[in-house]
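Both of the next two complexes hold chain A, though its partner changes from chain B to chain C.
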Partner chain A sequence: MAINLNITEAPTREARLGAITGYAGTLKELVARTGCGGAVKNCDRTFSQASSCSSGCAQTLLAGIVDAAIVNHAPIGCAGDTIYHNIANQYGRFYRQWGNRNIQLVNTNMEEKDTVFGGNEKLREGILEAWRRFHPKAIFVTTSCASGIIGDDIRGVISEVEEEVPVPVIQVSCEGFRSKVWASGFDAAFHAVLTGIVKPPREKRPELVNMINFRGSARAYITRLFGELGLEPRFIIPFATVEELAYVSEAAVTATVCTTLGSYFGTALEEQYGVPYVKTIPPHGFAGIEAWLRGIGAAVGKEAEVERLIASEREATEADLAELRRRFRGKRAVLGMGPSYAQSYLGVLEELGIEVLHAASWHYDPRYDYGEQPPAIVRAAARENDVTFSVGDQQLYEITNTLSRLKPDLYFSRHPGSSVWAAKLGITAVPVIDEYTAFGHCGLVNFGWRIVDALTNRNFVTKLAQRVKLPYSDWWYEQDPYAFLEKEAV
Partner chain B sequence: MSTHIERPRYQCALGGALVTINAIERAVAIVHSAPGCAASADGAATVGGGYWGTTLTDGRATPSTNLIEREVIFGGEERLAEQIAATIDVVDADLYAVITGCMTDIIGDDVRAVVSEFRKQGKPVIVAETGGFKGDSTVGADFIWESIISQYLSKTAVKDPLKVNLFGFVPAQDVFWRGNLLELKRLLARLGVTANTFLTPFDKIEDLKGAADASLNIVFSDVHGVKPAKLFEELHGTPFVVEPLPIGPTAAEAFLRRTVERLNLPQELLDTVLAEEKAHYYGFVSPFTDLFVDQDFQRFGVVVGNANYSYAVTRFIADDLGWIPYFVAVTDLLNEEQQAKVLKRFSDIDETLRPKVIFETDTDRITERLKEELAREEDPYGTPISPAYVIGSNLDRPLAAEIKAGFFGISYPITNRIVTDQYYVGFRGGLRLITDVVSALVANR
Partner chain C sequence: MAGVIEQIRNVCALGALQSVIAIERAIPIIHAGPGCGQKLWSALSNGNGFQGAGYVGGHSVPCSNATEQEVVFGGEEKLRQTVENALKVMDGDLFVIMTGCTSDIVGDDVGEVARSFQAKGAPLVYVETGGFKGDNYFGHELLWDALIDQYLKAADAPKPGLVNVFSVLPFQDPYWTGTLHAIADLLQSLGLSPNVIYGPGEGIASLNKVPAAQFNLLLSPWAGLKTVERLKEKFGTPYLHCPVLPIGATESGAFLRNVGEFAGVPAEQVNAVIEREERRYYYYVERSADLLFETRFLPGHFVTVADSFYSLGLTRFLINDLGLIPEVQFITEDVPEHHRSLIDAEFAKFDEGLVSPVFYGADGGTVRDELAKRSFRERPLILGSSWDRVAARELNGYPLSVAMPVSDRLVLSRTYAGYDGALRLTEDIYSVILGSFQ
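Here is the complex of A and B:
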């Protein structure tokens, strides 16, 4: 079903895509059952640990737009995590040599009386204050559980301030209780950009690539790769300007480093403005980058140039990869990541010759908005060996139980707050926090050497584990890791 | 009327309760709220608190009911009961604290009834309603302390004359709470007093359970922890006193003198302790004087911090460092009565050194107010406070840059260094503060 840009709120991933956060089984089984439009029932848990919410995901993207501001219509706690959005912002600005500046966000400080009498007036003032203070090119109004449950009229307030605020003021519906899939917050942010910022193209720019990412550490690498194809990347949406976002419709193609992040925006741009969206597996490892570059090449008619580029990149790195595979012989790993990375890294670790004993995915989308199953999981499931696969919104008691049973050499994780528990078990943890880890041929080799380094000296975690007792009862370690996951009635 | 706030310098009430429980060994929180609350609050506190990190089942492993739309409609009580029972099985702890978020407080789950079922079975479960809209972290810390005091502490009629409890610390809001508590404990131990600190990695939960036998509660804040101390007195008969955070030799000496008087401790012992601690301080400060004086490191002080730190730091730079306090922004959300208490404290500072004090939590408005203040003074040479120095939080770096001032972060959030066992209280803490503040002035050499 096409993405509907005539509504204020992007429907949640559960509603749109049949996304789930509870499953335990095998990779092949999950892929088989969710192929051809099939679905699996989400299994709830009777014990759960902290997850994340849409609000954080929406704000981490939007707070990165350099000349926009956010009005977070919420109690103060919902803006507490802007502390780390600010860290990402300051790091990013430092590396771009842009000078130190805080993110532009005000919180409306909803209090008890506002939950009784409504918070519309505070929101109105918050928007006017954000305008007065920052003079941004756009203002995003992010919602919260509190504003959602009491039913504040966000649209009404926005239309009231239109005359006083001469820039787009856009609602971002990211109430935490609406979805267990925090990535729904990415969609909420992209939906706001699509409905409030993006304009029809003034002209088509055949060299321009919309490059959807988070922090953009591989800018130089990608600029070089694209340069050899006569293309030019525009990194979105953090560190982009409102003006740049307004004309993403002019690009020749949209690509993403993370299909969980980019599929909504990419699909919408394709449907709305005819900008093709590259639907290949993500660009990690040799297979990933090659499929992805070919996808870009096909979209812009540069197939031959892409083949030449792939050949030279491959040649420069093949010997290193062979050496890495030799070193990793017999090494075993568990991985826990968001769906795009969990699926993609099954391939990455196979290329490095590291055996994956179990993969955990923080949620699972049975299909993307363009109607197909995620290509990376289809590819991973096509391998000869099956692997146990679980879906959970970062339920670390399940992960800890699994790690203590399997005792892998390595734990690969993406998303903060997960790798620490493996480290405390004495397992070498290599976090994949930078979205461009293992990106491309060079990236895969760099990642491989990073793993070699981690395995070369394991003293920190070995000694830590001797001193630290994890919080779980002995009873828990004797249970099945999914003892609290309700059984699916088949 | 309360108003909007740019990038808050705290978490919500839920966050303050959560980090307090997280800092208590073998206590575990059960968050009854939407999926993101626990991780957001904990993440903000542990990152902004100098990268504090996880201890027991906290961080992303915090037990949490993760309620969604369904429970908004049908209520979350059943889900909570199920979660408490499971948490007791899965997590090996001695105290389980149910704390709630906005969502559950708005939909009106009867969490007390759910928890009382477990309490009837003798399970160590307590509950506090900490909906985020009720206030900031300090309010939530007060809520959870009141619950601990009324629902967890053992009753006792016997008081130990040489035992005190230390209160007024909100983990992460005081980024240095662990080091500060340990140093206060060390100083008091030198006087023969046992101090319960509760919130360091070395505290035993039995000491919390048995805390009612202390003969005095010392609250190191004019505003935070006072309400729980009153409840403590009411329920357990232990009186309390309020003390400012004693940073530096002048404040620390005054604190120890008052304590000796209150607890009837021997004067000779105090004299020995004071002499030795001051000898340590001046043993290092004396040779540091070469740099300090030669480089003309006297500064105008701009202090931005919570009620506890803003006064304590100002006092230290006035009394010991010999700087000129110019402008102070107290950043917590305080009511009028609380503001009056904090202002009264500032009136203890000698008039010639008393700074302009404002109550403002919003970073950009602090800058505006400082500029207004500066604009009031004519200065043909540029700025009336040159050279200046900002002691604040990481959010105040742009302010320091704007007025070309030195900068050092001591208030939440601190994200540009790691905080482990550092502390600023006492004689040695004052020495540490001088060392850190002046180090920042020579850091680019």
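Here is the complex of A and C:
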């Protein structure tokens, strides 16, 4: 079903894609059951630990738009993650050699009386203050559990301030309780950009690539790769301007480093403006980058140039890869990441010659908005050996139990607050913090050498594990890791 | 604080979950939406000195992760399930159910759920900390109300010399661990037995001892007054309220005299301690004097952007001991109106009759607007949060991050309190200055 840009709110991933946060089984089984439009029922948990919500994902993208502002209509705690967003903002600006600047966001500081009498007035004040303080090119209003439950009239307030605020003011529906899938917040942010910012193309720009990512640390690398194809990347949406976002419709193609992040926006641009969206596996590892570059090449008619580029990149890194594979012989790993990375890194670790014992995915989309299963999981499931696979919204008690049973040499994780627990168990933990880790041929070998280093000196991890205890009872370690995951009714 | 807030410097009432985590082997159980725990931990811990998850913080905190289902149909059953299984899965000595906006707005009867577990002997209390009710200073006091009403048991007799230390908020103050221990060291130097409830120590045993104290020490401009008053009401424990966080010789000496007098420590003994500490302290201060008087890189007037603990404590030290000149002070938390006169009075007590304008409930916008109105002849010293480093750069000032959020420093055991703390602060300030050009 096509993405509907005539509505204010993007439906949640559960509603749109049948996304789940509870599953335990195997990779092949999950892929087989969700193929050809099939679905799996989400399994609830009778015990859970603090997850994350949509608003964090929405705000982390929107707070990065350099000349926009956010009005976070919420009690002050909902702005808690803005500190991390500012760290990311400062980091991204540092890499671009831009000056220091803080993100532009005000929180409306909803209080008890607002939950009784409504928070519309606070929101109005917030929008006007954001305009007065920052004079941004656009204002995004992010919602919260509190504003959602009391039913504040966001659209009404926005239409009231139209005359006083001469820039687009756009609602971003990201109430935490609406979705168990925090990535629904990415869609909420992209939906707001699509409905409030993006304009029809003035002209087509055959050299321009919309490059969907987070912080863009690999800008130089990608600019070089694309340059050899006669293409020019525009990194979105953090560190882009409102003007740049308005004309993403003019690009020749849209690519993404993370299919969980980019599939909604990419699909919508393809449907709405005919900008092809590269639907290959993500660009991690040799297979990933090669499929991805070929996808870009096919969209812009540069197939031959892409093949030449791949050959030279491969040649420069093949010897390193062979050496890494030799060093990793016999190494076993568990990985826990968001779905795009979990799926993509099954391939990455295979290329490095590291055996994956179990993969945990923070959620799972049985299909993307363009109607197909995620290509990376299909590819991973096509391998000869199956692997146990779980889906959970970062339920550390399940992961800890699993790790203590499997005792892998390595734990690869992505998401703040996940890898440290494996380290406390004495397992060499390699966090994949940067989205461009293992990106491309060079990125894969760099990542491999980082793993070599982590395995070479295990002193910190070993000594830490001897001294600290994890917060679980002995009883729990004797249970099945998924004991609190409700069984699917057959 | 009615207005909007730009650049948060504290969080909502549910942020008190970090106060629970600060008590060793105490475990919060959050009954709220899925993102609350992550956001609050990210702000108070990771974004604030990278304090880490510790034993049971971050994503390991049990949480009902409320969804539409719980909002529409009520979340009591989901909470009951979460608590029941948390008691099995998690290894802790005390569990604290803490609610968020979803539960408090839809009106879940959390008390009923908690009481059903308490009746079975579970070491558990509940506190309704919906984010809209107030900030984490308020939530921290709510937590103590719950501990006093539902958990603490009267002692047979007070233990002479035992002093409960109530002061800075765990995690909100990135330096809390070091600071509480520095205060404890000062008490110990007078022969008292400090009871530090948070951080590395005795954990729940420490909490259980609270009703047995000879007195409660509240070292805070205002936060915690409600708690020590409740403890007095319920257990008859007297309290000593010292509003100024002691940084440096002047305030540390005044603090020791104050405590000594209240605790009945002979004045000679107190003076001997002060004499000993000051001799050591001034050995180092004397060494610093060469730099302070023979450098072209002196700071100009100073600005603090911090909560009332630090804004007041730092200002006292910088004026009374370091001999600097105040420009303007921003107090970032929402100090309840009825406590402001007390803080105003403290801000009027400086040597040399110095005064400094003070803004309450200041946010990033207030700081920017007020600083823009002023002109600085020399490079100002800006003691604030990491947010304020941008303003400091614009003013060509010297920034040092001392208040939440401190995202440009790793903080482990560092403190600015007491005698040694003041030496650390002096080192840090002048290291920023000296490092600014080389």
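Going forward, the second predicted complex is superposed on the first by the 490 of 490 C-alpha atoms of A that agree within 3 Å, B and C clash if a C-alpha of one lies under 4 Å from a C-alpha of the other, contacts with A are read in each partner's own complex, and residues count from 1 in each chain.
FYI, contacts are C-beta pairs under 8 Å (C-beta built on N, C-alpha and C of every residue); 3 or more make two chains touch, one makes a residue touch a chain.
In this text, all values refer to a predicted model and were calculated from it rather than measured experimentally.
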| item | value |
| --- | --- |
| Simultaneous placement of chain C and chain B on chain A, clash or fit | clash |
| Touched partner set for A:228, first chain B, second chain C, both or neither | neither |
| Touched partner set for A:48, first chain B, second chain C, both or neither | both |
| Partner chain in contact with A:109 - chain B first, chain C second, else both or neither | both |
| Contacts of A:475 with chain B and chain C, given as first, second, both or neither | both |
| Contacts of A:83 with chain B and chain C, given as first, second, both or neither | both |
| Set of chain A residues, in rising order, touched by both chain B and chain C | 46-56, 71, 75-84, 86-87, 100-102, 105-112, 114-115, 122, 125-126, 129, 133, 144-146, 149-150, 176-180, 182, 393-394, 396-397, 416-418, 420-421, 471-476, 484 |
| Touch list for chain C against partner chain A, complex | 1-8, 10-15, 27, 30, 32-44, 46-48, 52-53, 55-56, 58-68, 70-71, 81-82, 85-86, 88-92, 100-102, 105-106, 130-136, 364-365, 386-387, 389-390, 393, 405, 407 |
| Residues of chain A that touch chain C when the two form their complex | 46-56, 71, 74-84, 86-87, 99-102, 105-112, 114-115, 122, 125-126, 129-130, 133, 144-146, 149-150, 175-180, 182, 393-394, 396-397, 416-418, 420-421, 468-476, 484 |
| Complex contact set, residues of chain A against chain B | 46-56, 71, 75-84, 86-87, 100-103, 105-112, 114-115, 122, 125-126, 129, 133, 144-146, 149-150, 176-180, 182, 393-394, 396-397, 400, 416-418, 420-421, 471-476, 484 |
| Chain A contact footprint on chain B (complex, rising order) | 2-8, 10-15, 28, 31, 34-45, 47-48, 53-54, 56-57, 59-69, 71-72, 82-83, 86-87, 89-93, 101-103, 106-107, 131-136, 363-364, 394-395, 397-398, 401, 413, 415 |
